[in-house]
Structures are given as C-alpha cells and as structure tokens.
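Below, chain A partners chain B and then partners chain C, in two separate complexes.
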Partner chain A sequence: MIEDFALQCPIPLDDNPTVQMGHGGGGRMTRDLIEKIFLPAFTNDLLAPLHDGAILPPVGGRLAFTTDSFVVRPIFFRGGDLGSLAVNGTVNDLAMCGARPLYLSAGFILEEGLPIKDLWRVVRSMADAAAAAGVRVVTGDTKVVDKGHGDGIFINTAGVGVIETRLTIGPMSVRPGDAILLNGDIGRHGIAVMAEREGLEFESDISSDCAPLNGPVLALLDGGVEVHCLRDLTRGGLTSALIEISESANLPMRVEEETVSVQDGVRGACEILGLEPFSVANEGRFIAFVPAGEAETALRLLGSGAAVIGAVDPPGNQPPLVRVRTSLGTSRILDLPSGEQLPRIC
Partner chain B sequence: MIEDFALQCPIPLDDNPTVQMGHGGGGRMTRDLIEKIFLPAFTNDLLAPLHDGAILPPVGGRLAFTTDSFVVRPIFFRGGDLGSLAVNGTVNDLAMCGARPLYLSAGFILEEGLPIKDLWRVVRSMADAAAAAGVRVVTGDTKVVDKGHGDGIFINTAGVGVIETRLTIGPMSVRPGDAILLNGDIGRHGIAVMAEREGLEFESDISSDCAPLNGPVLALLDGGVEVHCLRDLTRGGLTSALIEISESANLPMRVEEETVSVQDGVRGACEILGLEPFSVANEGRFIAFVPAGEAETALRLLGSGAAVIGAVDPPGNQPPLVRVRTSLGTSRILDLPSGEQLPRIC
Partner chain C sequence: MKYLDEYRDAATARTYAEAIARMTTRPWTIMEVCGGQTHAIVRFGIDTLLPPQISLLHGPGCPVCVTPLEVLDQAVDIAARPNVIFCSFGDMLRVPGSQSDLFQVKSNGGDVRIVYSPVDAVQVARENPEKEVVFLAVGFETTAPANAMAVHRAKEEGISNFSVLVSHVLVPPAMEAILSSRHNRVQGFLAAGHVCTVMGYTEYEPLARRYHVPIVVTGFEPLDILQGVYLCVRQLEEGRAEVENQYSRSVRREGNQPAQELIREVFTVVPRKWRGIGEIPASGLGLAPPYAAFDAAKRFQVDSHHAEENPECISGLVLQGIKKPQECPAFGTKCTPTHPLGATMVSSEGACAAYYKYRRHETVEPSPSAAVGGAAP
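Now for the complex of A and B:
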C-alpha cells in the first residue's frame, strides 16, 4: 500500500531512495534535497530566498527565543512523530514564555541510509504542525553523518516569538495562594512512545498528547487572566515542573492527587513498566499559576479537561517541598528523579 | 599534563567522568550538567532564569534568523574546534544577512560516554568565541543518545540579529559591473580538519581560518559601502558560493584565478588529496559584491588579505556561468560538485 503522503513526494519513492553523504555536502545533491523535500513542504515568502538566514520584518515587543533538539526513537508513534514533536515542542516553549510563536528554524542531522520516504513523512508532518500552530519555518540546515554515527534523524528547532503581554511570566512571579492549573490528563506521550519502541500492546490504545499550546495560553492572556507562571510538562513530567518552580520561587506547594487526571490505560501501563505517571513526559500538557480568584475564569478559558490541581503555600522555615495528598488522606513528598525514567522520549 | 581549562571545570575531571543517559533525562543529573558546565561558561543576565526560553528586550529593526548544525569530526583540530565553529558559523550566517549578531541558542546532542572533559572544553571554546564575536548564548537544550547512536557531540546553534542597514543584501541586488571581493586566503579550514582526521602531516602547519565575520561586514556597512550581496564560503567553498549567487542573480561572472590567495601548504595538500582549493570549505572567509566604484573603499575597510577577485558580467543569452581565467590565459567554467568532497567538515 502506498500512503497518500508518499504519492505527493517530488522524489519518486518506488525504489526506496535513501539519504547519501552527498546530500550534506553543499553541492547539487544538497540543493536537490532542499528543492524537492524542504521547499515544497515549508513553502512561504520568508523561506524562499534560500539565503544564509531569513530576514524578518520588525517585531514590536519583547522577543522570546528558545531551542530544542528532538531525538525520540522510534520516529513514528501513535498520535505523533518526530516532526510534529519538533514543531510543537518549540512552539510550546515559546508559549510558556507567554509569547505568540512566530518563526521556527529547522536543523536536520540525517544518518546516511535514512529512507527518503521517512524524511518526507517527517517533514510533511512538521509542515502540518507548523500550519496548525500558526508558525512559519523560515530557515534551515541539513547535515548528513555516516552510517552508524547517528540514528536515522535528529531535528533541532529554534523558535522566535513576540511577547505581547506586559506580565512577567516565570517562577519569580509565583505567589503564596496561587492556584495551580493543569490543562488535561497526563502521561500519554511517554507511554505511547514506549509502547511503540518496545512493541507493547496495552489494553487500550494510548495516543500521544502532542499538541500546540499557544492556543490555550493566548486564550488565558487575551482573556485578561493574570498569569504568574507557565511550564509545559515534558521531560520529567509534572514532577519536574512542580519541583523546579517550587525551588526557583522558593515556595512550597501542595497537589491533590485525585484532581490530576490519568487515563486508566496510562495508569496500567505505568504499573507494568514501573513508572510514576507524575514523572512521565507529555507534549501537550502544561501547568499555569494564577491568583486563586482567577482560577474559575482560567478554567473556563482552558476548556474541558482542565482542572485546579493544587495551590502554592506561604514560605516556611525549611527548603520548599511539593506535597501530594492522596485520596486516602496520606501525603507524600515529590522527589526529582535522578537520571531519567524513559530515555529518548522527546 | 592537566590543561588550564580542565582545572577550571566545576566537575572534577580526575576520574575521567563521562556523559550518561541520565544527563539527558530532565532530572537532577540534567540540572547538574546545566549548573556545572553550561551556566558557568555562558553566564549572562538573559540566560540566568533557566526558563523554557529566553526573554529578550525589543529589537528595533528587521531581524535576521538562522540555524546551523555542526557535526565536524574530529571535534578538535588546529585553529579551532566544534565549539568555536558552532558559534562562528551562525554568527557568520547572520553577518551575511547584513545583520549585527545578538543572541545564540545552543542545542547539544551528546553521545553516552562522551568525556565530560571534552564537553567542557567545547563549551568553554563556545563561550570564548561568543565573547569574541560580541554575542550572548541565551537559551539551550541538551539531549543524550545511547552509545553507538551518535558521534560524541553534535551542536546546533540558531542565531538572531538585527539588521540596521537599509540595504537589501542578497543575490537579487547583484548588478552587472559589480566587483567581487574576497577577504583572505581560502581552503585552510577544510584542510586543517582533514589533516587532523586522517593523521596527515603536511609540510607546513595548516590552521583553520575559523573566525567571526561580523566585524569586517559591519565595517563595510558602517563605512557606507553599498553592499549588494554577501556569502560565506563554507560547504562547497568559493565554487558553491559563486555558482549559487550567479544562478540566483541570473548573471554570469568571471574570476581571475591568480587573485585568489591559496597558501602553498593548502595547495600542496589539495594536490595530494585530489581536491580543488576553490571547493574546499572555509569558516572565516566571505565574498562581497559591491559597485566597482566602491571596491577601493571596501578593500581598505576589509584590511590586509582582502582582494578583488572578479566581476559580474552583463546577462547573456545563455544560462549564467562563472568563468575562471588562469594565469596562463586559459579559462575554465566552474561546476558545482555533485555530492561532497570532504564529508563532515562543518
């Protein structure tokens, strides 16, 4: 079966062409790859000149600037792929600065032998994700490494956005009494990738939550909510996000475990794999710190799936801790995992 | 012997510590790496908050935005290393847009087992290069891939700069009669890396030309030269740069071979390796297209080593070609290499 996306590829895929060292050499083969893969997918006015860099119109306001490399394996998984991840990951980092994402760069490190079909599928997915998030890929770079010195495809994206709010969004703005909001259920991205990698079949199909977050964040800001801090729940999951903000703000926090939504399938998979759902990576989930009095408004703006999961406490005499109260009434203290639970999940 | 740079490393290097998978997991090990390697090296006000992205003051003017991944092997070579290359490469791409480079991002893809010493040395080199070029590394990311699925260290940098000139710099502005200037001798970077990689000893020590180009470019612009086009001579060297601009501008060009400076050692090495100096990569060389009447001024601003190497001809009836006239009075037509002459040179 030839998939639809493959039919549209300007390089015929019948003979299963692969990436060669020459595609990274800066000569005709490089240009061929640019003209037949990257330009057709990313086409836009700012990309077209193919100069050393993109020239962008003036941006009125503070800028947000961020970067992320994506090395997830396998590159295709239920609910997403390396391409959608590479776009949404950077879009989301910009959104967490309170910025409106505008432009992305895309740097590809390809391993000799990568099927062109896979590259095309990833690049098309990036283009679709960029369109969905309302950003443009305006500049890029491709390098090829010899077989055995890479892993198919790595993508780096950097992003530029404009900060239109006058709020200072970050841990320094978190205040005692702030409500902690979460925009949906957690753990699906990490489990979806692990399932694909290990060939596991769970009772229910678990699909990555990979999604752009600029929509919900700008809904909060445009809706007039006094957002204090935002953080997406990627590597280290909810655990890392809460602990890092607690430590940076030097304020203790508490979370009601039963308010944190976890799909039954994710919970079951975590038990089998010996994982803690709070620490599993997400790619479409974030927490927002807002004044308690604005929590209702914020929930309404975030829509279904969002919940208040906890609150910030006044400073104490000891280093700040994040306490999780279980449905049984007991409580535990969140601890940052030392290394990583799931390697190469994003 | 313990080198000076190693003594300053906040992680003791005596037991030759290496990068572990956990350094990429987003937990305590990741934070340790950030706090002991990246922050001490790159320290600046904008980087400090360690948020998802950097928040930058408004920039008055058009922006330039560019990205490049660096996969050169070996990572240390005479005259530079992967770190200086990663900074200068992106600084130079911004300079080629006529921009003043301001901010860089740094994305690291590390292979499990990389000596921390090598990482520290590369990061320190990046910091030195950033200081020399007057740019700040304001945001970053680190991923770790399992042993055998990377190659020690890959670095992506993206850059943001401000365009203060009102000129439109690019192939579309090239005009018949324009002089083509080159800022120094060519071929040293590619040969220096090849020598290191292959363990070759050439008669003379050949050192990479790796250097930031924002200084000379801004000297031209601030000096009032009407710069039409700029291009740095990286992958594909002078050959690719001339052919690409000729094709984009749809104008033929000619170059006087004897005006293009090549060190004797580079020429000899190229003969041994079967390479053409015009097509070897550089990391501190660029060509500038300026009106013939401003060539003298431009040469003076570029300083010693710079030369007028050719000119743009009026359009003809045929596709534009770049002709090289040799010292013997013969002429040849430049042709873009198909794949690459030297893999992983930048």
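Now for the complex of A and C:
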C-alpha cells in the first residue's frame, strides 16, 4: 500500500506524513493541500477558479438540493470507504427526488494527525465515485481540528440535481395497489462496516453494497415508468423506509419476507449477532413504488437482483401498518428499531 | 441457508401445526422458558399456527429482563468512574437502572464498550494495564462458561486490573419457583435448548416427576418450537410427565461436561434476586472463594446499593406467566422500548418488547387469572 501511495500521492510522505493544524490555517500549507490533493482529484472547469463559490450554468428544470454528513468509523471497509460513501450518499438522496445529480460540494473536517495517505485515499475514492455517478465536485472547504476533537475525518457533501420528469415523486404520490420494488439484496453495507469496526471475522467475505443509484432511477424514469415514490435504504434499512413511507402516505402495506433477498453471509452474521436484516443499513439499495401494471417493466429496467417485495393496501380503520408475511405464512407487524441495533447476549 | 432454512420450512410447519390440532382434546398452557424462544414465536407468529386451546406463556428466560435493578445501579456507578473501562454485552446498555443506564453513562463521557465475548474484555484489560476493566457478567447457564473462562484466564495470567460484576441466574430454580406458586398455570415447559446444551437435562428430571409436568428441551427455530409443542402436548394428552429432548442436534443428557467443570471451578451457587420476581434461593452463581479477588462489587465497594422497582411495572407477573404484556395499563403508553419502565420492555427477548414490536395493535384478551395481582412465588 505504501509503494502504491508513493506512486500516486503528490505530497511526499517524508515531508508532511500527517495532517497538521497548519493545513487548516489558510496559508501555504492549506494551499498545498488544495493544489496537491483536492484539485488533482476533482479537477473540472467549475472548480478551477477556486472562487468563494462555484458559479453554475442555468439548468432546464426544477432543482433538487440535499446535504448529508459522513462520520463512519472505520474510514475504510470492505466494498467502500468514507469517500465513496460521501459521494454516493448525496447522489442517492438526489436520485430519490427523481433528480439527475449534477454538482456536489465537499466539506472536510480533518483531525490533526490524520495520515495524509489516508486523506489521499479517501479523496481519490471520492473522485472515482463522482466520475462513476457522473457528478462534479465544484466547491469545497477544509478545516482541521485539534487531535482528540474529531475522529480522523468527517465529510459533508451537499448536492444539486435537476428534475427532468413531470412526476411528483414522494410519499404523497403513493396509491393503494402500488407495487413495492427493491433493487437487490439487503444488509451488506451495515454488516461489512460492523465486521470491520468490531474486528469480527466471517467465513464469507461480506462487501458493502455502496453504489450510486442515479443510474437505475433514471432508467425507470427514462423508461416511462410512472414512479410514485423512491426511498434509499440507509440507516434503519428496509424497515425504516417502509414504515416512514407508510406513515407519510397514511396507507398500510404488506411485504412478503421470502421475496427480500439477503445473502447467506449477511443472514448468518445477523443470526449470530441477533440483528434483523430488514433493519440493517444499506448504501446502494432503494425501494420504488410504481403502479402494479408497470411493475414488470420496472423490474426489467432495474435488471437482475430487483424484485417486487410487496404492495400498498387501501386505507383501513387502523393506523397504517406494514405487515410482513413470514416464510411460515404467518404475519407480523414491522416496527422501527429503537435507537441502535444492539447485539444480543445469547 | 444450511442449518436454518430446513427449520423454517412452511410445509413442515403446517404438518406439525395440523398434527398438534388433531391431537389436542382440551386446553393446555405451556411455558417457553427462554426469551430467544419467545422472540421466535412472536417473530414467526408460531402461536397463531396453534389451535386455540393451546396457550403459550412466556417464561423468565431473558437475562436482560431478570437482572436486578441493584446490579444495574452498581454497573452505572462503576462505569461512571474515571479510571474504568466498562465492558458489556450490547443489549444491557439500554436497560434502565433506577436513575440512569449505561448509554447515558457513555454519553456523559464514561468509557463503556460493547463486547461480543467476555474474553474480549480480558483482552481490553491486557491492552490497558493502567485502567480498571470491568465486565458485566450476566446471563443464564448459557453465558456462564464463557464468563467463567474470562475470569479463569485473568487469574492464570495474573491480570489484576480485570474484574466482573456478576449477576448470573440458573433456570431450574426459577422453574421450580413458578411451579410451586399457588398462582401457577403452567402445565408443561419448553426448556431452553442453549442452557441444556451446557448443563444437559438431568436436573429437570426431578422437577418433571415432583410437579408432574412434561418438560421438552427445545430449540429456537420455528420447527424446533412446533416440534417441542407437539411433544409436550402429546405427553399432556397421554398423561405423561417426562423430560424429552427435541433439540438433540445440540443437547446431550449429560450436557457439556468440560463447560460445567469450568463453571463449578469459578462459580458457586448463591441465592439471587430476580428483577420483578424477588429473591429465589440457590438460583444464581457468584464467584467462588478462590476467585473472590475478581469481584467488581467488592473491588469498587458498591455492595450497598438498594433500589425499588417502578410500582407501575408488572414485569414480575409477566415473567411468571401470570399476565400478558398487553394487560399492563402502561403497555405501549407510558412504557415503550424507547422509554421502558421495566426490563421486559428493553431486551428484544423481553416479552413486553416482543409484543410491542410485533403485536401492539391487536386487541387484548385478558388472562384467566387477570384478577390476581402482585403475587410472587
């Protein structure tokens, strides 16, 4: 890794191997960091002037605007890192508005003592993720905090996207009879991060599902599917997404447990740790609500791994609930986990 | 997934449910002892597959739920001290003591860490010789061997900055307390498979004889539980009261003897207070004299804590199968998993939490003995 780094990292290791307070001081060291780390990675016309803000060309449509902060520990995990997460997280929030993500900002809070090579790896990974998602990082900021006042590196990204569809995408558009689609297997991101953080070793390699979702979402919209609602399954997993939309739309839903794909490794880890795969975090999964008649088209556009997992029911007398039909054919109510999921005693 | 899917097969589950229904001629009340079984029953809706004459009662087998308030207060007291790293299984962190819980201690700057094994806590002690490392050793016979191993290893290696706050409990005395109560409704037991993996089931044989109850050692998957109920109902219908082993893929009659030896080496049987139930004689494990130096309660002089339960909480009655969670006036209103009044609402294995999670919108059918109040065995 060091050799690899020496080939790529523009700041020599022996010069400043770690982040110093001076890197956030606005002087020469700050400029060094910008010119040698951020600019080469994010290079583009809109960023190049290094003005106080980026000046964006007019776009043809409504704008979607979002922000998210990324504080995951550890910074690097199987299948991704803080950098890819910081780009994909915001890209995905824009995609869930039905927007085509265009521009991101990147704010870094670095802890004194962070190895420069780690920063370089994270920034490179952001650049790769931005390229893969087709977005540009056009403005940014860096602050350095005293050692002990941060956790290595925190990143905030904000994003702007253009909405080219005439549809209103959100819980208010969900209708009884809508099919609920899921774009792949769940739980890998949460388990991959937990395995890395807690030093758990599993026989099978569980790799995060971290990925940009603007591709599949735009495939649905460009394919003419009347998308009613989209939600990415991040913290709280499938459980939180379903319950939040059910409550906002004031409509009950039902899900067939057997149709929700969970990799064996994730299932095994969840069994051992006493976690519920439905409530484990994802970073590249979303649910889409579409009219039942368009479910087949939508599945074809989403490609392999996607499945219809349930449907929206007509409103009843009770408060709206999400019911899960278990593999035994019985039914249970899906409920939000309270706070963090905690591994069980035995 | 191997070793999982075959125990969740819908067709086999239906076959068992039908066989149970055919066999059942009158009402029977069966208690599943272990919280893990309660969780599976509610999660998979296993009780809804059973004929209406069979009622399942949820037993006291949730370690989080029965750990007494005093021990939690001791844990909070120790964890808040500046030189301490306090290690615990994850689900103990949210259990409320009388004033605070371990999560609050953590957010106030206490060094509280979740570990997956008590042996990991010994490693923390090795790595932090300048700190006192304390592990909250709770649970039934299932967690006792690993907890004993941690203390044993610390003693062997002379790791003097490690200690354990012990509140271990034993299953058979609790079953006996339930059976000997004048309010007892339990006619048959599904015994806890993991406990019996360690201890075997010879100690249940006198109980089955003395109280004339069938006891079926049962696993945790849906088909395990259905088969356990099947075997239990068959005994009840035939008038038998024996110990049977449904969970034979894990449990032998004599149990895991090296594990038992380790438990006997490190621990000794003591009277123990159970949260919501009260003190049961010879129902717990404490450190044996050669290991007394590892007792965190003594080391930190927190023995004198005394605490009163919230009077609104009926978890004791729930743990004894006298009331169902929804019969509590505070259920789902004053008492929720986010603001639990008692421990049965905290752990995912606690009966109240399981009902809250999966059943809170159903109507309540009072237990036949709902008029009984405040009873302890």
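Just so we're on the same page, the second predicted complex is superposed on the first by the 334 of 346 C-alpha atoms of A that agree within 3 Å, B and C clash if a C-alpha of one lies under 4 Å from a C-alpha of the other, contacts with A are read in each partner's own complex, and residues count from 1 in each chain.
Operating definition for what follows: a residue touches a chain if its C-beta (ideal position, glycine included) is under 8 Å from a C-beta of that chain, and two chains touch if they have at least 3 such contacts.
Not measured: the values here are computed from a predicted model.
In the superposition on chain A, A:Ser327 makes contact with chain C only, not with chain B.
In the superposition on chain A, contact is made by A:Thr66 with chain B only, not with chain C. In the superposition on chain A, no contact is made by A:Ala219 with either chain B or chain C. When the two structures are aligned on the shared chain, A:Ala132 is found in touch with neither chain B nor chain C. Of the two partner chains, neither chain B nor chain C is touched by A:Leu299.
When both complexes are overlaid on chain A, the residue A:Gly22 reaches chain B alone and has no touch with chain C. Counted by residues of chain A touched, the larger count belongs to B, out of chain B and chain C.
By the touch criterion defined above, A:Ala106 lies against chain B but remains apart from chain C after alignment on the C-alpha atoms of chain A.
Where the contact sets of chain A with chain B and with chain C meet, they give residues 338-339, 342-344. Across the interface of their complex, chain C is touched by residues 198, 200, 264, 267-268, 271, 273-274, 318-319, 321, 326-333, 335, 338-339, 342-346 of chain A.
The touching residues of chain B, counted against chain A in their complex, run 20-31, 49-71, 73, 92-94, 96-97, 99, 103, 105-109, 138-141, 143-146, 148-151, 154, 156, 158-161, 163, 170-172, 231-232, 234-236, 240, 248, 281, 336-341, 343-344. For chain C in complex with chain A, the touching residues are 1, 4, 8, 10, 13-14, 36, 42-46, 48-49, 63-64, 89-94, 103, 114, 116, 138-140, 142-143, 194, 222, 336-338, 347-349, 356-361.
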